[in-house]
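By written order: A, B, C and D. Residues from 1 in each chain.
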Amino acid sequence: MKGASRYLPAIPVLLAYAALFGYGLIFPGQWQLVAQLAFYCALGQAFNLFMGMTGYVDFGYVAFLGIGTYGMAISISGLADKGLGLGVIVIGLILSVVFAVLLSLAVGAVALRLRGAYFAIATIGVNEGFRYLVEGARIWNGSEGIIFSRQLRDAVGQEAAMALSTFWADVMVFGVAVIATVLTIVYMRGKIGYALAALRMDEDAAKVMGINVTRFKIIAFITSAALAGALGATAWAVKLTYVFPADVFAIHYTVEAIIIVLLGGAGTLLGPIVGGLIYGVSKYYLAVYIPGFQLLVFAPVIIVVIVMFPEGTVGMIKRKCAGTAFAKYIL
Amino acid sequence: MKKTTFFALNLLAAFFCVATAFAADLPQKIVIGHPEALSGAQAKAGEQAVGGIKAVIKWVNTVQGGVKVGEKKIPLDYKYYDCESKREAVTSLLERLITVDKVNFIMAPYSSSLTLAGAPVAEKYGILYMDHGGASDKIFTQGFKFIVQTIGLGTRYHVGTLNMLKKKDPASKRLALAYKDDEFGRSVMEGAEAHAKKLGYDIVFKRTYPPTVNDLTPLLSELKASRPDIVLGGGHLADGQLFTQQMADLGIQTKAFSLIAAVTLPAFQNALKEKADGVMGPSHWELGVTYTKEKAQKAGQAWIGPSQDEFVKLFKEAIGKDLRPEYHAAEAGAAVLSLVLGIEKANSLDSGKVRAALGKITFMSFYGAWGIDETGQQVGHDLIDAQWQGDKLVIVWPEEGATGSLLYPKPAFK
Amino acid sequence: MILEQLAGNLFQGVVLGTVYGMATMGLSLIFGVLKVVNVGHGAFIMVGAFTSFAVFEYLGLSPVFAVPVAFGIGMALGMIFYYSAIRRLLKGPELASLLATFSFGVILEEAVKQLFTSDFRGFNWDLGKIDMGFTVLPYAKVVACLGSIIVALLLYLWFNRTRAGMAMRSVVEDSVGARVCGVNVDWEYALSFSLGIGLTVASGVLLTMFISVGIHPYMGGEYTLKAFVIAVLGGLASPYGAFFGGLVFGLLENGSYVFFAQIQGLEPFAMTRFFSFLILLLILLLRPTGLLKAK
Amino acid sequence: MSLLRLENVTKRFGGLLAVDNITAEISHGEMMAIVGPNGAGKTTLFNLINGVFFPDEGKIWFEDVDVTRYPAYRRAHLGIGRTFQIPRPFASATVRENIAIGAMFGAAGSEISVDQAMEMADRYIGLIGISSHRDKPAGGLTPIEKKMMEIARALAMKPRLLLMDEAMAGMNPKDIDWMVDFIKRIRGEEGIAIVCLVEHIMRAVAGLAERVLVMHQGAKLVDEPTKAALSDPRVIEVYLGVPPGEADA
């Protein structure tokens, strides 16, 4: 595993994204499905970067998407009449990431001192608390949220706004997914990857080995949060052009992220995209063929999967491929 | 050069229009697509809406023999998926309906949030997007071209109620407002507050409560202390029931008490029994409203659709349960009826043409009057006010639609 | 005026708090013994609420009779879920058990939706009420409150006076030691999981005595979140701590309302929620062992 | 200048006095044994030295730097390495990765790249003689192999003070002899000061250590050159009069 060869596992993942992207372009009318899948994959990829590598379950993860959504919403609704054109999107993205990072610093300072279930519950607390602060103190219009289709149109024009919401937002989601993938493998193959692996397995021993666990945890936490912020800004703000706190701080998105990562294989590079595709596609066709019953079918399946294949799909493939030529492409 | 290409393009465009126009007259059926919420938070309303739509479609196909386009009567067809009350699902299912299932028109999912989620995609494909459950006024300030609303505006829910109470008892001026803290609840509160000020009420209490509330005691104790004559509020279903029960628990007696959404549903009275007595609520439609062909003719309105009893019968068949249709069902059904008239007036299946036609028509059905302004917002439909008297839901306002007189002051909680 | 409101709220807070406490004991018991956080907690409360509704509506019996029924249903569900999945996940990462319990919750919600539709149910169990000047208290709430206290006491006795209870405590203290002393740890896990679920479902019934309306398949989520806060107040791993935590929570939520109501431009109700989660974080930071135990 | 200096170090757990006012010094390259019956507070003392716990009272100096409040990882950077009584390998990582982690984050960590760390790992794997297990997950090793792996991992940290907790417990005489001269060799080559924790003063230790600190109920009983310590009556008393010669495990 020397030099460039250690980055080979990124190839299958990036190819998969390319294939998904191409499929969306070639087959008319499949784009929104592709967009939804890309969202799930990106969500998993970003979530896995922290949760998969450290083993810490951030149940309040959705808060970072939420605040990212607000970042973009504020930029578009606030700067629409400044004649910045597409500039509002750029500013929005920056704002989203900054918001997410700031929030993650605050959360990290508090929650990362805790472990296991205490960490999970603390992060839930952060998400819910933040949401009620927004509603209770009437921040950003409180529960009325911000609806900004109009402002987006004013800012960039009718056609561009349409294209942004129905195509370019999704392209940006792909972008987030790819960045997340690259960062993941760079981390995994770098010192930080070994540090995180060590603290995941035995945090106290890791400290004794000279690993500044807090520092590495924070780095992974912030990276993951920043990606979430960008994801919120694109998949929720630019695409849907409105934001209500009750929607963007909804805990079921965290749960979806967990499901995706677990289906694919926590702490693996390939896992989130595999999990995201399995999850998205099956949800979609269940909704199409048995509307109203899909959850009743889906939930038991999840349980079966986590009982039968605790290491996830990719974990399994990894074991199967160990020692074969493919091994060096799977991580 | 420029001019010629422009001209050529126009020709081309024109040609395609003609072509599509011809093509559009041919299909064997007109398909209405619907990414409705059948599980998750909005499941109840979604179930009702699907039932209402199926019922009306059945009526159109059997009684009217389809929708008249040109010389041909084309039957309606209905294709729906479950978006799980999730925004991501709305966009992808919506596009599937348009591109894979090639539906002609779309019904929006229930709730303002989900309706907004689908709007950009509907606009992109330029397909008519019938809003049956998105009451937010803001939807119509965004400049969407293809949204047509059937449910009324949030801001108008309690306007009629206040007019009625003002007429009944001008002396009682102490008004308390307590609504659910979400986009819809707040828009109702704004409307009520503005109108109350106009009528000279003094607002002695104004609060909201979180959507997922399970104990209102603190808020209600504060409300009690403000000694209101009238309490207006509410938001959705569970909180409405809770509101009423805890009003009773704390023995808060008022002359009038009206909640949005929850009250007019049968579940409300089933849950609260005698505690529901005298509680009232505004609604777009209730079982027992007396909108008939005759009334329509008197009012000089076009009439379409099943009578109320026919609708109830068709609804129960469609849904396969002995479930009573509620206003969610009626709204969705009425939306389909408006679509039928729109198509027939436009004499085309082209969304743009139908949208234009809908802007010109007004009509009456079992659901009541229907008419939209240029933004697509519903302005023709008036809300009614209904009050529980014993185990009967009596419509007390507007007077011309009333089935009984207002029980005032409201009987005390036992 | 304000003091009267405060008094009223605090009083109501205590009454509600006992029920909240009771509704959280199951969560804490399960975490204490198995170190599993039951993310589906609220769904089990929902099952209890529907049990209560069914017993009252269809059998015409007082909800009081629903308590044992609900407890039985809960025990059964607990056993099924434990042996079908939880048991196999104890070794794995907590992620797995978190997701499993969540999925159980979803299964219950969807199943109940198929049985009772997604309509909002409720019943009217009126026993009259006492007016104590600064607030009014319906007898139904008194029953709910007493019921919670009784259940809590029974659990206490079971833990401290019966062999089975002591065996389970020994597992909480130190599962290896217990195994050495010939305690069948696996069975103790199964028992405490189903006991925890039983308590939770039963608490759903008590909650319907407190608030007998707004019963629907998706009502649980809010209770799950509240339960987390309460459990942490009580130290997460201790059922009695949870009961105590419930009282504190009731007081905090109702008490802080009056305070926030004095501040212009705030929505006091939402702020009480914010406040309770703020407390959650402070406790986790400063006293992760909960308010009762020393650090 | 001494390498490590403990000044009146005390640690309580609730009522229990685990380490009772201990003062001691270790100089560069020295070889010391800390001896005491189970529960004498040996491991707690180790945890205080490498920063798993902080003392309630007293000070800890490492090369005249006051490290009393330094977290474990910073002490590791200064050059304190450690093995555990019950080995704690990073179970699902390979032996090679385990040792590489030591190299990456230990005293020399800051200037070592991942590739270099891997090379170092291979060197120590060779030294300790577990090359055949190089790419196995460490969790799968036998207890003895785990101990070996931990020593390699600790050495890869390039420590100047190596704390070995019961390094030879449960080994057969042959392994013990190998271990003893391995330790001697390492110490010679790398000039590391080594502190061994042992329950009984085995012949091996007697041959290895230059100085013995005997702990009893958290307190320092004796701190003398090995010979003197072994003949000290108080020590013999602690071991219920068992003559040290026959006290082999």
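The working rule: a residue touches a chain if its C-beta (ideal position, glycine included) is under 8 Å from a C-beta of that chain, and two chains touch if they have at least 3 such contacts.
Nothing here was measured: the structure is a model prediction, and the numbers come from that model.
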Contact-graph distance - origin chain B, target chain D: 2
Greatest separation from chain A - chain, by CA centre: D
Contact-richer chain pair [A-D vs A-B]: A-B
Centroid distance [mean C-alpha coordinates] between chain D and chain A, Å: 44
Geometric centre distance via CA averages, chain C-chain B, whole Å: 37
Approximate Å spacing (C-alpha centroids) for the pair chain A, chain C: 32
Multi-chain contact residues (two or more partners), chain B: 39, 43, 47, 181, 208, 210
Residues of chain D touching at least two other chains: none
Sequence positions of chain C contacting 2 or more other chains: 110, 221, 267-270, 273
Interchain contacts (touch definition) - all pairs: A-B, A-C, A-D, B-C
Partner chain C, residues of chain A touching it in the complex: 51, 55, 57, 59, 110-111, 113-114, 116-118, 120-122, 124-126, 128-129, 132-133, 135-138, 142-143, 251, 255, 258-259, 262, 266, 293, 295-296, 298-300, 302-303, 306-307, 310
Residue ranges of chain D touching chain A (in the complex, touch as defined): 50-52, 71-74, 76-77, 82, 84, 88, 90-93, 97, 100-102, 104-107, 109, 114-115, 118, 153, 157
Chain B residues touching chain A - in the complex, by the definition given at the top: 36, 38-39, 43, 47, 80-84, 86-89, 91-96, 98-100, 113, 116-117, 119-121, 123-124, 136, 138-139, 141-144, 181-183, 185-187, 208, 210-211
Contact set on chain A toward chain B in their complex: 28-33, 35-36, 39, 132, 135, 142-145, 147, 149-150, 153, 162, 165-166, 235-236, 239-242, 244, 246-247, 252, 283-284, 287-288, 291-292, 294-295
Chain C partner contacts - residues on chain B that touch it in the complex: 39-41, 43-44, 47, 181, 207-210, 212-215, 217-219, 221-222, 225, 237-239, 241-242, 244-246, 249-251, 262, 265, 267, 270-275, 321, 323, 414
